[in-house]
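Take a look at the structures below.
Each of the next two complexes has chain A plus one other chain: chain B in the first, chain C in the second.
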Partner chain A sequence: MTIFVIQILNSFFYAAVLFLIAAGLSLIYGVMRIVNLAHGALYALGAYISAWIVGSAVGHALEGNLGLAGMLLLLPLGAVAIAALGALIEPTLLRPLYQRSEEYHLLVTFGLLLILEDVMKLLFGRTPLSAGAIMDQMGSIPVGRLIYPTYNLFVVAVGVAAAIGLWAFIYRTKFGVILRATSQDRRMAAALGINVSRVYVQAFAIGCFMAGLGGAVVVPAQAAVLGLGIEVLILAFVVVVIGGLGSLQGALVGALIVSFVRTAGIQFFPEIELAVLYLIAAAVLLVRPTGLFGRA
Partner chain B sequence: MTMVTTAATGISIWLTTTVSAFVLAVLAALPQIVDPYQTVLLTYGLIMAIAALGFNLLLGYTGLLSFGHSAYFGAGAYAVAFIMRDLGAHSMELCIVGGMLGTLIIAAIFGFVCVRHTRIFFGILTLALSQVLWSLAFKFFWVTGGTDGIRVPYASLTLLGGLVDFKGPGSFQRFIYAYYYYVLVLFAASTILMWVIAHSPFGKALQAIRDNETRARFVGISVRRYRWIAFMVSGTFTGLAGILWVPLNGLTTPDILYWPFSGEIVFMTVLGGFRSFTGPIVGAMAFNYLKTYAIASTEYWQLLLGVVLVILVMALPAGIVGTAARLAAKLGRWTK
Partner chain C sequence: MEQRNVDRRSFLNNLGVTVGAAAAATAIPVVKPASAQSPAAPKGKIPDTPLKFGHMTFLTGPAAVLGEPSLKGHLLAAEEINATGGILGKRKIETITADEAAGTDANVKELRRMKLSEKIDMFTGVISSGNTPALGPVAEELGLLTIFVDGCTDFLWDKAVPNPKFAFRITNIQSADGVTCAVAAAQTWPEAKKIAHIHPDYSYGRNAFDHFNIAFGKLVPGTQVVSEGWPKLGTTDFTAHITKAMSSTPDLIVSSVWGGDYVAMYKQALRYGMFNNAKFASTIAFGVAPHAIGKDHPEGVIAGVHSNYYFTFPPGNRWPANKTFVEKYYKRWNEYPNFQSDGAYHTLYMYKTAVEKANKLAGGWPEEEAIISQLEGMYFETAAGYLYIRPDNHQGYKDAVTGFSKNVPEYQFQILDPNRMITIPIRNITAPPHWPKPGSGHNDPTATYNWIKETWPQVT
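Coming up: the complex of A and B.
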């Protein structure tokens, strides 16, 4: 029974991280119709930067003690850095390609992925980087006869907060209205006086921020290693395909489905755990190409 | 008008044949001039050219971007490994037949599913299905060796139905040369076959589908079936490349099933130019050298490849062959 509860908590933890990544991917696709193959690499870079900032701050802090609050405040800086990087990438690499076919979007983001993978190797070397100090200081709570890290529950809370925040942002603010209008009809939005180029930069930066935030929250629990982003991108794809490309609710439900299936898979059928996920994605694409929540 | 076109086509066929024969003669003479290492590199290049040629039947001729062609390359490679390890076969020809049959079956199943979609969904679907194979190769280590892969020793291989074997001293040198010519013949055969397919009524129908699906349907082309057949042909060609690759590499690992390898196949095709028949061949050879020298010269070879790809997409979307053709046309106008 305790194991069961812990597995459910684990599923929620994975779902929170996957949601952050997939929501960014979905937002970028929804607004600018670009499938960003470098999204996983941005997530990994966010993890590296956050771990590096927290690590060096702890090293330089007086008496080597930064306090939990200090470290938690520094953690999202990685996500901010990734958002800034995104605001740089969109006008330089993506904007010239909107008029061209999708093949080129995939190719340029694949090129970006190759570049980012090596930039991480160049900047941070081959040693895994982690912000484990945060996880240690947060301690753990008892679950039945066992204990569970408090930090994992904090990540779930961040995921929930991000989902609510993003929903409120897109459906309850003026910028959200502009974003949705641009996503539905770019030319009409431009005709109404919206600066579409600026909306695109903002949307891409927000999407990148979500990827970076995913990396930032995961790095105290799980070290940043090379190749982290390549693996996670495919899982994020599975999430958005199940939920529907471009849909926020879809990313949430998809992330929950993928995490629970994966946790159950690791427990009961470890050999085909990943294969099952990819097959579910393929099956959803066949039966309902737009996903559970997507529009045509 | 008809006569002029026929005459023009006649000349261009004659020209194509001459140029191809010349290129083939140069390729056949090269191992006599260059050192064995270069011969091995050339062999890899020719093999990747077959893969890219197959891939481009979908991208260039049918207008479908597959991001999962690693599946068919890997299926061919693993099929050879299984045939040699589990069936105890030594004949390369047997491996080729068995491997192509295996790849064809997988391409038929995956293709049946994938051709229901186009554009970005097609890409994601091919990607997801290729990763099914990757995860199986990765997880079922008692069958596939997991990340260690399966060894395929060249020494236990025979070519031409047992006429050529590689036992005794100096066998590696003999293998390199014999295998180069073996691959060259298969490369030439694949290229001719693909040329015939691309210029057949079937190939023309694919191009019609690429250019305007609705019109193609009105003309009476069964769009989905044509796409499916193109998918199977494409997958099988790429599978042949995987089959030929594995004895040369000596080992097959899940890496060749992983999706970044699919990206490499796309990369080399775009590098050469996917709007021309020869583009993928040139691109695969060029990519092979680019990657080899990038890996040899810097630890950060991915960075270099990424920069090349980004520049290519931004500045030279027509690829090497397309850009060369445009320059040649410009030069022609200028000299007149």
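Coming up: the complex of A and C.
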């Protein structure tokens, strides 16, 4: 029973991280029809920046004076930095390519992925960075005979808050209406006087913010290592393939499915851990080629 | 199969397992190690054209923390040799590098390109066991002298290149990892019966799993595998694997997760209390660049170094080759070497020595075959102790080491306790020459696996 509870908590933790990444990926595709292969690298860069700020730079300067609240407040700076980077990338790298076919989008964002991987190595070196102090200070709660880190529950809460916040933002605000309108018909939106370029920058920055936030919240629990973004990008694609590219609900449901199936695979069928996710993605594609919540 | 019953202590004694700082370089060679012989002036006319070496290792990705020290060891040796005028005092070393993270197919193409268009004289490096079995046959086909630093799978010599001519490898063979870890664990925690495993899902993890189990089963009667976890290489989320392992209430958790993956794993395991609930033994935890392991790492666990080398051992002045190597490496790179640094550094010196010896015999710049014949059977002094290149399979063998993690004030990171190192003579834990290879008489994973199965007594 104890194990059952912990594995469910593990699954929610992992789903929260996957949702943050996949939601950004889906949002960017939904609005701009860009498959952003650099999304995982942006997530990893967010992890590195947050770990660097919390674990190294400020952590050493204010040894012991920072406190848990201070560290938690610094943590999202990685996400803010990625959002700012996104606001820079969209007008310079992506805008010239909207009229071109998708292959160009893939090539440019893949190139960006490679560049960002090298930038991370250049800036932060090859030694893993961690922000473990946050986790240690939050301690753990007893679950049966075992313990569970309190911080992981905090990450689940961040994931839930992000899901609600993003939903409210898209479906309950004026900007959300503009975003959806632009996503449905870019030309009509422009004809109605919407500044489409600005909407694109904002949408891309929000998507990047989500990726950076994913990296920022995951880094105290794990470590920022080179190549972090590539593994995660693949899983994020599995999530959006299952949920449907461009759909927020799809990202949420997809993240939950991937995370729970992965945990069940690890617990019960360790030999096929790698295969089981792709089998599910394949099954969904056979039954619903656009994903569970995707539009044709 | 021969059945003998022995007790564990006498069997471990027979294996020659020693613990502590005293156990350095037990394999005393009958000949003087090669590097100790002073080089005379080269014979004959030596061209002064530079030598071109290709070095392939992980420069990006989570494996870079293990692999980049290889390039640093290589460059340090090349700089030192060039500072003395080059090999045979004439030929300086030029290095071209390649990123192993490009993937096996791309690596094979790159090796061909290096030989055919860059005209390299020797190829070295390579970390992954997934790559050497693909690169080895190509090196043989190209007739390119190759000394792999790692990529240590038994499969390379068992199957992929059963009769090597041009390819060599200098780190210990992979099966030694699982066996060394098992011997150390059996000696330290003989009461451990329930074993949980967490290994990366590819050849290295499978190999460690198989060899740990066959050796540990011989040394500790009545053991059982109670849990298996096979995370994908490159995974950083291990929460479910850790919970799974703990769910089986094991006495001992064994892992071969390495590089950046291992750093992420141990940090998660700490917060789940994994190290409080079971003993822990790893084949390769401390194989990364030493400073990647934080002081928060649990103390007193078996933290292997791929059965090869850790910079604190042999300690002090006991083995001068280590002392000077660590000092030179630290001075050049401002960090401490790992086993790949040791391997890559001594690969170059071994090549240099072979060329010098071949030159002494025939004069001039030696033919490749003459260099190879000097490498075969060579005893060489490395920072880790004596290294022996077995002529039949071109594999380097040195005494296997592992140890226990410990925090000491001298270092900003956790180290292996030099006073508690476990050393095992390599000949006692690997199959001897001409032992049947897989597919000829047996279908076990490796020759060593079969040799242990058939010849080790069952401890009662």
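By definition in this document, the second predicted complex is superposed on the first by the 288 of 296 C-alpha atoms of A that agree within 3 Å, B and C clash if a C-alpha of one lies under 4 Å from a C-alpha of the other, contacts with A are read in each partner's own complex, and residues count from 1 in each chain.
Here, a residue touches a chain if its C-beta (ideal position, glycine included) is under 8 Å from a C-beta of that chain, and two chains touch if they have at least 3 such contacts.
In this text the structure is predicted, and so the values were computed from the model without any measurement.
Taken together through their common chain A, the two structures put chain B and chain C in a clash. Once chain A of one complex is fitted onto chain A of the other, the partner contacts of A:127 are limited to chain C, with no touch recorded for chain B.
After overlaying the two complexes on the shared chain, residue contacts for A:262 are found with chain C alone; chain B is out of touch.
When the two complexes are overlaid on their common chain A, residue A:241 makes contact with chain B while staying clear of chain C. Using the contact criterion defined above for the overlaid structures, shared-chain residue A:230 touches chain B and also reaches chain C. In the superposition on chain A, contact of A:152 is made with chain C only, not with chain B.
Looking at the shared chain after the overlay, A:140 reaches chain C, while chain B stays out of its contact range. Applying the stated contact rule after C-alpha superposition, one finds that A:3 touches chain C and leaves chain B untouched. Judged by the touch definition given at the top, the superposed model places A:106 against chain B, while chain C stays out of reach.
Of the two partner chains, chain B is the only one that A:282 touches; chain C does not reach it.
Chain A uses residues 117-118, 121, 230, 270-271, 273-274 to touch chain B in one structure and chain C in the other. Per the touch definition, chain B reaches chain A in the complex via residues 59, 65, 67, 113, 116-117, 119-121, 123-125, 127-129, 131-132, 135-136, 138-140, 258-260, 263, 266-267, 270, 299-303, 305-310, 312-314, 317.
Within the complex formed with chain C, the residues of chain A that make contact are 3, 6-7, 10-11, 13-14, 17, 117-118, 121, 126-128, 130, 132, 135-136, 140, 146-149, 151-152, 218, 221-223, 225-228, 230-231, 262-263, 266-267, 270-271, 273-274. Of all residues in chain C, those touching chain A in their complex are 60-65, 68, 101, 201, 228-232, 234-237, 239-241, 243-244, 246-247, 259-261, 263-264, 267-268, 271-273, 277, 289, 291-292, 294, 296. Of all residues in chain A, those touching chain B in their complex are 35, 37, 93, 96-97, 100, 102-104, 106-108, 110-119, 121-122, 230, 234, 237-238, 241, 245, 270-275, 278-279, 281-282, 285-286, 289.
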